[in-house]
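Shared between the two complexes below is subunit A, which has subunit B as its partner in the first and subunit C in the second.
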Partner chain A sequence: MAVKTKTGEHSARDVFLKYGIYFILLFIVIVLAVTSPSFRTVTNLTNVLLQVTTYGCLGIGMTFVILTGGIDVSVGGIMVCAGSVYVILSQAGMAEGLNIFMIFIVALIFGVVNGYAVAYIGMPPFLVTLATQCIGRGMSLVFTGGASYRDLGATFEFLGKTKLLGISIQIWVMLLLFAVGYFLLHKTVYGRKLTAVGGNLNAARVSGINDRLITCSAYIVMSLLCAVAAYLTMARLGSYYSAMGDGIEFMVIAAVVIGGTSMSGGSGTIIGTLAGTILIGIINNALNLFHVGAEWQDVAKGAIIFLAVLFDAIKNKAKTSD
Partner chain B sequence: MKKKVMKAMGILVMAAMLGTSLAACSSSDGESQEKTAENGEEQSAGEESGGSKKLAVMMHSVADDFIYCCGKRAEEYGKEQGYDVTFYDADNEADTQASQVDDVIASGFDAIVLAPVDADAMSDSVMKINDAGIPVTLLDRTVTEGAYVALNQANNVECGYEGAKQIVEQAEKQGIAVEDLKVLELQGMLSSTSGRERSEGFQQGAEELGFTIVSSLPTDWESEKAYNATLDALQADPDINAIFCASDGVMADSVINALDQLQLLKNTGEEGHIVIVTVDGTPGVIQYIKDGQIDAACSQPAYAMAEGAVDYLTKALDGEEEADACIDNSLNPTTITADNADDDTLWGNNVES
Partner chain C sequence: MGGENRNVLLKMEGIDKRFPGVHALKSVDFSLEPGEVCAILGENGAGKSTLMNVLGGIYSPTAGKITIDGEEVVFHNAKDAEKKGIAFIHQELSLFPQMDIASNIYISNLPHSRGRILSKKLRQDTREILKRVKLEHRKPDEIVGDLKIGEQQLIEIGRTLIRGIKVLILDEPTSSLTNAEIEILFEIVRELKRQGTAVIFITHHMDEIYEICDTLMIMRDGKRIMKCGVGDISRTEVVNQMLGHTAEEQYCHPERKYGQEVLAVKGLCRGSRLQNIHFSVRSGEMLGLYGLLGSGRTEVLRSIFGLDKYDSGEIIYMGAPVKIRKPKDAISLKMALVTEDRHKEGLILEESVRFNMTLANLKAIARGIMVDRQKEKILSKSGISALRIKTPSANQQVKYLSGGNQQKVVLSKWLNTDPRLILLDEPTRGIDIGAKQEIYSIIERLLQKGVAVIMVSSEIPELLGVCDKVVVLKNGQQVCELTNDKDLHAAALLEAAMGGE
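The block that comes next holds the complex of A and B.
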């Protein structure tokens, strides 16, 4: 009898740990919708989605990386470096299409270096990507001297200003990427292998998975999404600026972990990441709607990251005690 | 065996990347030294102000157009005055700047222009410069301790205050009375001196001139945050009819694009135009003013600041000023409107694109 109650409690806790983020998100949305008339409008919903496009794109890739048990703090550095290469090439009068291609090539180089260093050389992911972040940011200053640039080109104008069904094309791109990410991660052999590598490396190796290649690929996927994020951000803001993506990695990691992806790897979902991203977006949005000053905004953001890590720790503890 | 080869290859790749990054770190000095070599003739021509004395221009960062122009102008003007100039960028890191200062002292420079990363963190470095007997002028920001010839900065409180005055003046042109103004203030980073002082000046102006600030939102000098804050503020208060940006270098494009997204972007004079006044006066904002999308900007006196920093050093080296005079050379902003947007004494019209 007593045992039965215990399992009952267990499963309730499990349900909360698994779906807690959705309850929290729903709760916050309801509270804000009730208390703030400016929150509960369609425009505000599209504002929030537009504001999280960068976080969202990066979050998809970060989910892949964290699933393998790794971490990538170089995302902001890759974004700004890829963006700066675009800017100097277009200043030199090169064709826009080619320059956009170069955004992806530059990001890809970073992804290959990160992935290779982590998967094949065995360097610690945090330090590798910290190093490549510095390199990326440094190189962007070498290329542009720190100046900012506007009038980026026709496709930026298109990506920044076009609306489909009354909703910015940026949001459609982000949702499409989430759909692709969902498919890759949850519906393909590749996705299963990715989860297996992060879950139990030895078991994955024994079952014949090329774990190095899988781990390396996660960093490459991440880097390509950095290229997309840079492209979208520059289009949305109408300019390249040298602080682009500065410190963004922490909010992205927080969104992914809040979304239920375990920092120790092996478990996580793309839908969770979308929910975590929107949660962070809504909190940032509400802080502004309620005219909250700079100091408390920082406190709130710190608290979000703290709660994310706390949530992860509780979950890990639950896992090991089972 | 194969593994070893792979490992060796990997290490080579990393070494190559490290090499590039080191090159990246030193390239700014490399570049300026090259330029110095090119300008060799000019240097000998500039004998009258100290021959080829070594001048270090040490910037806290080059991350926005204003500070970039300011630093470049100090470098260029230094060369015009006959100095052998080396340019340093601390990338906003106090530690980096402290070790750069150590290096500069050790390499026997004759004079230093220092744009400190942080007033407290750089005080020790300034005192080390004092101990070494090298004259130093401060650019853009001050330090809490240590002696210098002169502090050459924009009067940031005045930049904010002038912004408030311009909001009222431009709103009147738009037919909006002071008491009907509902203003969004986009603040800089409040932990930075310029961010705090501009906000102080602006809020003081609002109080004295009698208009309402409906929302003061932080941007941390980040374009993306400025974009998001503009969307949110207009969502919360759709009757906002004026926006003050504490820096146009990082905010002008994002505010314009956010208004465009909300279909609220109208030219000056049109019904429903939201009055926009900014601080800095970057080339981008001058273009917006000419195009009629932004009303006015309080232009930072970048050139006067940079030239002042070099001139005070020359005076100290010539014995005209004491090395520890601590002169406060605070310079007021110049207002840019559609009337004077072509003025070529504005720093924003002197940026090579």
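The block that comes next holds the complex of A and C.
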């Protein structure tokens, strides 16, 4: 039947476009394992994961946002703003529970503003979140006067130093969040609606899905994950600094796109984002192991993002030519 | 007519055009004299647009020859045709709304010296053009997007005047114009005519044809049926020629039993798009909505379903007035809408058959917050077999399905919501005859079960074959409501929509 031959013809290319990231990841891991003895140590590998916990957490939310056809570049701003509120309260001797609660409240406000502006007012997501990023970063300086803070307290160290089965609790948190993200996106009715809105907004609306609410919710999920990311980052470093999360949005977006989520919305997976995140971590790690200078690391990161977007463009072209 | 070619401006001979699976033009001959204003008439799919696209250089013909002023020409693209003096004004305007009038008119031919635009000359030339299209009151530096839609159309015509044009093609030019603007358009056409330019009108409006055209050509099924002077043929005869034998071949539907009234629309108005629409439909009854492009037929369905807002009017559903603000409200009242464009509003092409099939009734496959894959599987399997959808599996992406099967997926999506009223917008457009028949029988089954159906269609045989009554719309107004009995003929329907006697 015509239907079958059509899918058959494209299968080899489709498989590469769909699973190419995993081949590349595997290839790089093998090359590094052979060439670099320090790469294959357990400590180094857990370190790779530890380095990407922030990217990972944010990547989950970013997958949701990009699935709806949007983008969120405010993540760094939300992180630093929520973090600054935390340290101010914590320095003033407030209870830890309240401080953590406030991190989430601050982030939530940003998420609601982003989501409402994009979904209900119809403002372009890139510009909305660019503006809120700027506001977030500015507010953090207002709160802290640009100061850095160390010794954030004993309870705080729990998420920084504790290990479970020899692996940092941070990694466990990240993996748990990936599991929740996977469940939400691929197993629930909510995930269905999100995919439908991103795949074809008009068809979703005609089918009775509240497309605005769904779009808005993606930005809110994103912002709550920013709160988690801010807390984990501060716990890992044991400090707050005003440049926290600076430029992080690009690496997160790169990880999501490398993981196969399409910038035009509608298709993407949480597993892909996990793979993309690990790939970025491994590339960073390799650059360090081979003592590549910081300036060249920036060039390399830029090149990675470029390649990821190029890959996405090729994939879209292949799709439309079907 | 064809014998002496002294006075022939354009000649198209034996034009044939095949698309994969469709023979769109069958050896069509067409010729124009200088200053001739000719209307091309035909039903949807008769081949009017294809012929004009061949003349405009957009399609290259499979066979045939085009001669302009005695010289044979071959067009590879629209630019080639433009160079030979063919100007094609499409229904969708191709202006730059953010730019000013002068730049729009001269965009491909800006007067310049060493790269610098000569703005004084540009403004002067533009004023000349504006005078010719009767827009003297507009200034060259006004922004095109701020003009009225009719004026924009005149700018579009003005744009073609800067180069010598021999043939001007106007595709349904008056559908968005006010009466005053139509007068101006006709004035311009008459002036072009005096200068020896030939004008081709694609239109459905009889009054306009008899007012402005010298000749008319009727097409049907990709063939030229006839060409003659407008004075030589009556309006009724035009309609009969357009329909040909297709009017006789009718589908038959079994006896239907009508129940209580399901939906009544009273005095529905929406700006100038819809004015005072009123009809009702009973359970087990099928109502057709007929009208030409832009008549407001789709808008009626969208307003009922909560996709568009309406200004005034009342919608009575199951005996009680209802307020439907969004599709979700309509769905919870057990209404369904099969949209006109499957790809744009019906399906999520990248997703699977089962994903699409269950989208309008996610509650049915939910267990708590989760999607119950088992329920989904059962539901989609039964949908596939009930409507006999040809697909390798429920996991197949719908983009790989044929048009007819895609449409069945859309129908199945709505049947899963167990509707009492189904709104169908061109449900059989672009699908083959076999699938069409299957879709009719699916709808018939629903009618027999007591569902009420409203169908928008531009195919007259379809409306006559399956509807119990037909409401005809023209320019957003309800022309009449015709009961589909032995006395309703295709000609009556078409005449009502086109504005016959």
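FYI, the second predicted complex is superposed on the first by the 313 of 322 C-alpha atoms of A that agree within 3 Å, B and C clash if a C-alpha of one lies under 4 Å from a C-alpha of the other, contacts with A are read in each partner's own complex, and residues count from 1 in each chain.
The rule we apply is simple: a contact is a pair of C-beta atoms (placed from the backbone, for glycine too) under 8 Å apart; a residue touches a chain by one contact, two chains touch by 3 or more.
Predicted model only: the values in this text are computed from it and were never measured.
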- Query: Should the pairing of subunit B and subunit C on subunit A count as a clash or a fit in the superposition?
  - Reply: fit
- Query: Which of the two partners, first being subunit B and second being subunit C, lies in contact with A:208: first, second, both, or neither?
  - Reply: second
- Task: Identify the partner contact of A:196: answer first if only subunit B is touched, second if only subunit C is, both if each is, neither if none is.
- Result: second
- Just subunit B (first), just subunit C (second), both, or neither: which does A:150 touch? first
- Query: Touch check for A:241: first (subunit B), second (subunit C), both, or neither?
  - Reply: first
- Query: For A:315, is the partner it touches subunit B (first), subunit C (second), both, or none of the two (neither)?
  - Reply: neither
- Task: Please name the chain, subunit B or subunit C, that touches the greater number of residues in subunit A.
- Result: B
- Task: Report, in whole Å, the shortest distance between any C-alpha atom of subunit B and any C-alpha atom of subunit C after the two complexes are superposed.
- Result: 10
- Using the touch definition up top, name the residues of subunit B that touch subunit A in the complex. 6-7, 10-11, 13-14, 17-18, 20-21, 24-25, 27, 61-65, 67-68, 89, 91, 187, 189-190, 214-218, 220-224, 227-229, 231-233, 235-236, 249-250, 253-254, 256-257, 260-262, 282, 284, 351
- Item | subunit A to subunit B touching residues, read off their complex | 36, 38, 41, 43-44, 47, 50-51, 54, 113, 116-117, 120-121, 123, 131-132, 134-135, 137-139, 141-142, 145-148, 150, 160-161, 168, 233, 236-239, 241-244, 246, 284-285, 288-291, 293-295, 297
- Message: Per the contact definition, I'd like the list of subunit A residues that touch subunit C in the complex.
- Response: 1-4, 6-7, 187-193, 195-196, 199-200, 202-210, 266-267, 319, 322
- So, in the complex, the side of subunit C touching subunit A is made of residues 305, 307, 326-328, 330-332, 337, 339, 344-351, 355, 359-360, 362, 365-366, 369-371, 390-392, 396, 399-402, 413
